[in-house]
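Okay, here's the structure, questions in a sec.
We just call them A, B, C and D in the order they show up, numbering each chain from 1.
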Amino acid sequence: MTGRLAFDVSHLLAGGLVLISFMLLYQNRLYALLNVFALQAVVLALSVAWQAFVQGAPHLYITAAIALFFKAIIIPVSLHRIIARLGIHREVDTVVGIGPTMLAGIALVALSMVVMLRVTSEADSLAREDLAFALSVVLLGLLMMVTRGNAVSQVIGFMSLENGLILAATGAKGMPLVVEISVAFSVLIAFIVIGIFLFRIRERFDTVDLEALDRLRGDQYRGGQ
Amino acid sequence: MAVILDLATQGAQMLLVLLLAPLLTGFIRKLKGRFLRRQGPPLLQPYRDLLRLMRKEAVLAENASWLFRVTPYLVFAATWVAAALVPTFATGLMFSWSADLIVVIALLGSARFFLALAGMDVGTSFGGIGSSREMMIATLAEPAMIMIVFTLALLAGSTQLSSLAGFMLSPAVGLRVSAGLALIALVMVAIAENGRIPIDNPATHLELTMVHEAMLLEYSGRHLAVIELAAWLKLLLYMSLIGCVFVPWGLAPSGASTGEEVTGVAAYIAKLAASGVLLALFETSVAKMRIFRISEFLGAALMLGLLGVLLLFVTRTLQ
Amino acid sequence: MNAITISGVTFLLIIPVMAAAILAVLPGYRLSASLNMAAAFLTLLAALSLFIWKPATGPYILVDDLNIVFVVLNSFVGFTTSVFSASYIAHELETGRLTPAHLRFYHAMYQVLLFAMNLALVANNIGLMWVAIEMATLTTVIMVGIYRTEAAIEAAWKYFILGSVGIALALFGTILVYMAARPVVGEGQDGMVWTVLIQHVSSFDPALLDLAFVFLLLGYGTKVGLAPLHAWLPDAHAEGPTPISAVLSGLLLNVALYAVLRFKLLLAANPGAIAPGPLMAAMGLASLIFAGFMLYRRHDIKRLFGYSSIEHMGIIVFAFGMGGPLANFAGLLHMTMHSLTKSAIFFTVGHIAQVKGTQTIADIRGLTVTHPMLGWSLVVGVIAIAGMPPFGIFMSEFLVVSSTFVRVPLLAIPLVVGLLVGFGALLLRLQGLAFGEPKGRSAPVQASYLPMAAHLGLVLTAGIYLPPPLVTWFQHVASLLG
Amino acid sequence: MTVIAELWCVGGLLGIAVLAAFIGNERGATAALYSAALALSLAGFLFALHHLLFGAAVADITLPLGLPWVGAHFQVDALAAFFLAVVNVGGAGASLYGIGYGRHEHEPLRVLPFFPAFLAGMNLVVLAADAFSFLVAWEFMSLASWALVMAHHKEPGNLEAGYVYIVMASAGTLALLLAFGLLAGPEGGYAFDAIRAHKISPLRAGLVLGLALFGAGSKAGLVPLHVWLPLAHPAAPSHVSALMSGVMTKVAIYGFLRIVFDLLAQDAEWWWGVPILAAGGGTAVLGILHALMQNDVKRVLAYSTIENIGVIFAGLGLALAFDTNGWPAAGALALTAALFHVLNHALFKSILFFGAGAVLTATGERNMDRLGGLIHPMPITSFAFLVACAAISALPPLNGFASEWLLFQAILLSPGLPHWGLKLLLPAVGALLALAAALAAACFVRVFGIVFLGRPRSVVAERAVEVDRWSQGAMITLAVLCVLAGILPGFVIDAMAPVVQSVTGARMPAQASIEWLSIVPVAESRSSYNGLVVFFFIAASASIAAYVIHRFASGAIRRAPAWDCGFPEQNPATQYTAGSFAQPIRQVFGTYVFRAHERVEMRPPGDPGPARFEVKLHDLAWELMYTPIANAVSLAATRLNQLQFLTIRVYLSFVSFALVFLLLVLALWQ
């Protein structure tokens, strides 16, 4: 009976994450995007906590905590600040339109389902479903990084990708090092956010500032052949 | 004893060609004169020319090098040896094996090589003209000649002139298209090689048309004499070549009696006379062609030669 | 957790950490540089000690024939590079491109990097390996950006972002491996211990393994610099300090490659899983040809050799993808030789860029006239890297090409074309750099020729004579790789 | 044990190379080093000769080098011995020449270390008996020669020359590598013995033939793979050019022989001769035609090398055709001819390049149109050069003629072949060879006539002086060898008999025993040639004529200004130039072969300005083959290069596309 319940709840939460990823894709205003991401972080925290409870693995609570405080609060707030400071204008510049992005997202989810279905069910169904969702979240995060133009939304894409990872990690019953990994990732993300702030990366990842654009990425001087 | 005799015959042949060459030229000149309704020079004029030139002192251009002085003798020697190797009145001479048709051609080639160099030695524009044109002609004449050799050699299974002649005498030959083609080609090459009309006019010194003479411009006295003699020898050589290969009748076989050899000599002289007449007729009846038509003329010869070879395969494999 | 008993490995890991700690606080460049060298040297000794004194395999530490190759190579190049960097950094200090503060940081990071790479290599736990590789990546990111020029920062940033995504993918793959293992080996620890995995892998769920491998290949492949995941590599090589370019090309790529190989082994041992070979061969070939063409339009000398690293990684991955005793042997040999040669080239290039004051190829000509030593060692290095005898790379290319042509003739044609294209480009640039009327500054240079001489000497010797123990060992590893 | 001795020589040469890197700049180092190289080459030559003449057993040795599980096999069999002899005689000549010529080198360190290394490399190629060592030596040879080509890297054009050379070389090496890969099989039996034992399918054998033809042909200079040769050979110092043209191309031919006639022997098919013959004939004619069009002496020589390579390949093709159609005796004749020509070309081409080098040191000029009249200041050089010219133009009684004659004799055996194609092909090839020979004569009349005869066309030519004794010695020695090989061909043929025997399984009848020392390919009734007698006759009749005339007629000489048909012209510019000499031939062949077009620009009457005349020649090989390839590569490079300038987002999208693609593969893969 608990098994049943456990399954349903974690299933629900995982599904929630995928849904929120879609919501992320749907947003076209940065602040809204931040809020949605915070929401995703919260849901992730819940699901991790649930896993900790179900698996009776207390150390997962740490991960949950990290997710909650770091991702749901600190990061969104600081990003909020950065947007204000650097005067990044508030729209998400979508390289690919929202509609096509959604379609692509659905295709990706379908793909991850298909791939997962090939997994024989001896890996218990819970893990399997979780994995399917996690993979979807990862792919959607990637999709977001690829289709969204400006730095902040790309960071958020990366973070939701990473949420997928945490989901998978926690879903994998008894997996060691999960905490360390989540910590490591938080560090990574911190780096990214700091980087954005430090290097005044306004619009896109690959310009530090505008006139730099020409000289960068090397090899643009006309040399002798 | 036999060796002595062989040596004698060999020597006899060498002397014979040497003696006959001027006569042949004189004969042709005379005939041409006659055909042109002229008196024509006396028959023995070439000998007189030779002697006169021999007695004169040789004038050398200031910057003529040793090569210039050596060349005449080299040319003469090469030509003479070549001429000596072609069976005239008898096959199976002592040294006939020491060389074959290809060598004969190559010897003439070396004669030409040095003559062309001598033409460039003094560094006059005419010498250059002569050498360059001569070599151009040679580049076409030589392959044609080699093709002819192929035809004959494939026919007779040998490049050895004696055995060639021997084969031609044998009944096995019969009438062959390729042999005919080879003959035509050979005649054309011979005309070109000896600088006769229509390729070149040995009698002219009109600068822009001359080829062979242009190389000799700077020569005089004994050098000129030797070179002239070599040229006459060459003409004789080609005629005796045609004779020994295509009309080998009367050739004394190896180890023949003196009687046969005498008849051989007679037949040989008859052949020379005949071909001389033909040549004179031909030369009087055609006009000289422009220098760059020569390539077409010789190209035709080359094609004929090749055609001869190929046809040869057809007929051979058919029979 | 009886894992870490005192052994060579302990020193291998402890020395760099301690050195890093000291260097972080140590002022004064001379002292720190020499300490850096000393530490690297001790690490090398520790690595060598592993031959005689092989530690027991624990849940975290594994030293087997496969990784000992990498460990020793790693520490060796680490040491020689530290020697080179001593003289290089001195010059940077003079020209003021680096401040003493940077320098402390630099040396500390250098040791951390060595530590991370060693850890990644000796890790028996795939999670630990992942953490170590991430650490190595972050360190190099920082080092690449150390000059603080826009170009450097952008390069670092590009490297950072692409690297992070790669890391994420690799982690997902790792998790999948654990998932696949769990039903068989049970929960916890063991599910990530490679030695345990390899024992039971045959009964894992193939589909999960396939999925895992895809992620791992892309994740770690990003670090290896395989096309189309290569984008960070040339810039990182071009903009960072040259010792770091040398370490990147010589070592970090190898470490990532090592990770890929480990998982290839796993897959190969599972009957149901897809054969990883074709996948790797295809990517390798793609990288080779792509890089070969990219070499032509390079104007920055360090970026040029960065692309050449991509090309060679392509060859190596292709070789391992082909598999079989010959190709695997060739792959290992090629990897070793490439590390030595490429780092030697970067040593040379570093000094060249310093004396000429530019990295623009067009501004450097006639080196053999102005700086004979540098010029000729560049010539030798490039000839070696271009795969000409009597250098070691020729041997590996010989084996790869000939064995491929017999087995899959059609694959050999693009391979040969790629090799030729790359060769043409390298020689074209080399002739411009080394010969012709001299151009650019011709000031004398105080360079340390020892490291490059050592490397090139080794490469030359290997091309002519491979010592039997090395051979048997390579062959054994090759047979492990299947 | 020959092989060990030879290996010691190679080791010695390498030692010299290393030594040279250190002491190269010392005074007297040049002479010392070249003398050492000379000694070692001579030693190598003698060992090889000994092996060849006294039919020593096949010597074999395996060193623990190279591919570990194969080892480095070295072997000296008859074939190897012959080529060792050729290589070392060339090497000795070049070293001897170098003793004097090397003094004029400005940067000795760019030549001295690489020269012995080059020699060592060529020796090693011939010694190697396993695929790996062979290729290492092969590429080492290329590398050393490349370094020598780059010796004068500041001269315009040399960089390009070196680049084209090294790229072509490595393309060839890769081709050979593939060939060996097929031969060795998947287990990697790279030793030649293993390869011989390993039978492969006809298709693969054909493939190997093609690859060998490409690999060895590109090094030897077969058209259309020849383009690097006329660039690289002239660029090197002259004694190196001599080595590259005279010897290295022969090493390439050795490689071809080794692969096709030895390793592949049991897989050969009847048609294999055809492509080789075609390539050979075409190469011969095109090569010499190009040579006729050049004005740079060394370039002319390089192109003429291409011609001779064509001749040799034709001989090889002939031999293969006879062999594979079950007529080893004829094959032996053809192969003998080819090998004989290999030796001859090594000899006279070396002399020619030495001569060119001598002219270069005397005048600093390679352009024929600025030379002339050098026969007066440089008698020795010009004499040796003349001998070489006569030899390479296949004039009796010199060695060039002997080999060509044998070749023609072999062609004349063609009716015996069973196959139609071959029957008809051979005479055509014969025609091509004859054409090539005639053109060669024209070409070398041109070279000698323009460079050494006539009046000096420039001040430098007037000021020229004879070169040093060492160089003269080298040239004269080789010239003497040319003459000897020409008038006593029988001995050479007998010396080559074991080689031919080992390769074709048959041999020509022993020649030394024939009376009067003449040579008889098949039967005396068929054909025979006696260089000695011809030589004797010519000498005799010439001297008799000279004697008689001087004795009985006038021997008087008067020097006078040139007659020149009545209006002599003092300005040497009125002489025929290289270009004008070649003009008739260009008229005849140019339009087809070079797409030549001439443009004459006459001033209007009364305008004193000079008229202009220019000729445009095209090397079709470049235009049809290489330019397109180069364009394709450059296009691809430019297109792909755009990938360097994208944004991180796009790079990320690459990653994700790769991921999605692979996932799709997984999803769809069964």
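Heads up, the rule we're going with is that contacts are C-beta pairs under 8 Å (C-beta built on N, C-alpha and C of every residue); 3 or more make two chains touch, one makes a residue touch a chain.
Everything quoted here is computed from the prediction, not taken from an experiment.
Engineer: Spelling it out: a chain qualifies if it touches subunit A and also touches subunit B; which chains qualify?
Structural biologist: Joint contacts, listed by label: D.
Engineer: If each hop has to land on a touching chain, what is the smallest number of hops from subunit B to subunit C?
Structural biologist: Minimal hop count between subunit B and subunit C: 2.
Engineer: Is the C-beta contact count larger for A-D or for C-D?
Structural biologist: It is C-D, judged by the count of C-beta pairs in contact.
Engineer: Taking each chain's centre as the mean position of its Cα atoms, how many Å separate subunit A from subunit D?
Structural biologist: 68
Engineer: If you average the CA atoms of subunit C and of subunit D, how far apart do the two points sit, in angstrom?
Structural biologist: Distance between chain centres, rounded to whole Å: 44 Å.
Engineer: Distance from the CA centroid of subunit B to that of subunit D, rounded to the nearest Å?
Structural biologist: 35
Engineer: Centre to centre, by mean C-alpha position, how many angstrom separate subunit A and subunit C?
Structural biologist: Distance between chain centres, rounded to whole Å: 30 Å.
Engineer: Would you give the residues of subunit A that are in contact with at least 2 other chains, written as numbers and ranges?
Structural biologist: Residues 115, 118, 142, 145, 205-206, 217-219 of subunit A touch two or more partner chains.
Engineer: Listing for subunit B: what residues touch at least two other chains?
Structural biologist: Nothing qualifies.
Engineer: Considering subunit C alone, which of its residues make contact with at least two other chains?
Structural biologist: If we look for residues of subunit C contacting two or more partner chains, we find 157-158, 161, 165, 207, 211, 234, 297, 428, 432.
Engineer: Using the contact rule from the top, write out all pairs of chains that touch.
Structural biologist: A-C, A-D, B-D, C-D
Engineer: Under the touch definition given earlier, write down the residues of subunit A that touch subunit D in their complex.
Structural biologist: Against subunit D, subunit A makes touches at 95, 108, 111-112, 114-115, 118, 139, 142-143, 145-146, 149, 154, 204-206, 217-220.
Engineer: Could you list, by residue number, the parts of subunit D that touch subunit C in their complex?
Structural biologist: 64-69, 131-132, 135-136, 139-140, 143, 150, 153-154, 159, 162-163, 166-167, 170-171, 174, 177-178, 180-182, 184-186, 188, 190, 633-634, 636-638, 640-641, 643-644, 646, 648, 651-652, 654-655, 657-659, 662-663, 666, 669
Engineer: Touching subunit D in the complex: which residues of subunit B?
Structural biologist: By the definition above, subunit B touches subunit D via 54-63, 65-67, 73-74, 76-78, 80-81, 84, 95, 97-100, 102-103, 106-107, 109-110, 112-113, 116-117, 119-129, 131-133, 135-136, 138-143, 145-147, 149-150, 153-154, 157-160, 163, 205, 207, 217-218, 220-222, 225-226, 291-292, 295, 302, 305-306, 309-310, 313, 316-317.
Engineer: Under the definition above, what is the set of subunit D residues touching subunit B in their complex?
Structural biologist: On the subunit D side, the touching residues are 372-373, 375-376, 379, 386, 390, 393-396, 401, 405, 408-409, 411-412, 414-415, 423-424, 427-428, 430-431, 434-435, 437-439, 441-442, 445-446, 448-450, 453-455, 516, 518, 524-530, 533-534, 537-543, 545-546, 549, 553-565, 568-569, 572, 574-576, 580-585, 587-588.
Engineer: Can you check the complex and tell me which residues of subunit C touch subunit D?
Structural biologist: 157-158, 161-162, 165-166, 169, 207, 210-211, 214-215, 217-218, 222, 228-229, 231-232, 234, 274, 279, 290, 293-297, 324, 326, 366, 368, 383, 386, 388-390, 394-395, 398-399, 401-407, 412, 416, 419-421, 423-425, 427-428, 431-432, 435-437, 463-466, 468, 471, 475
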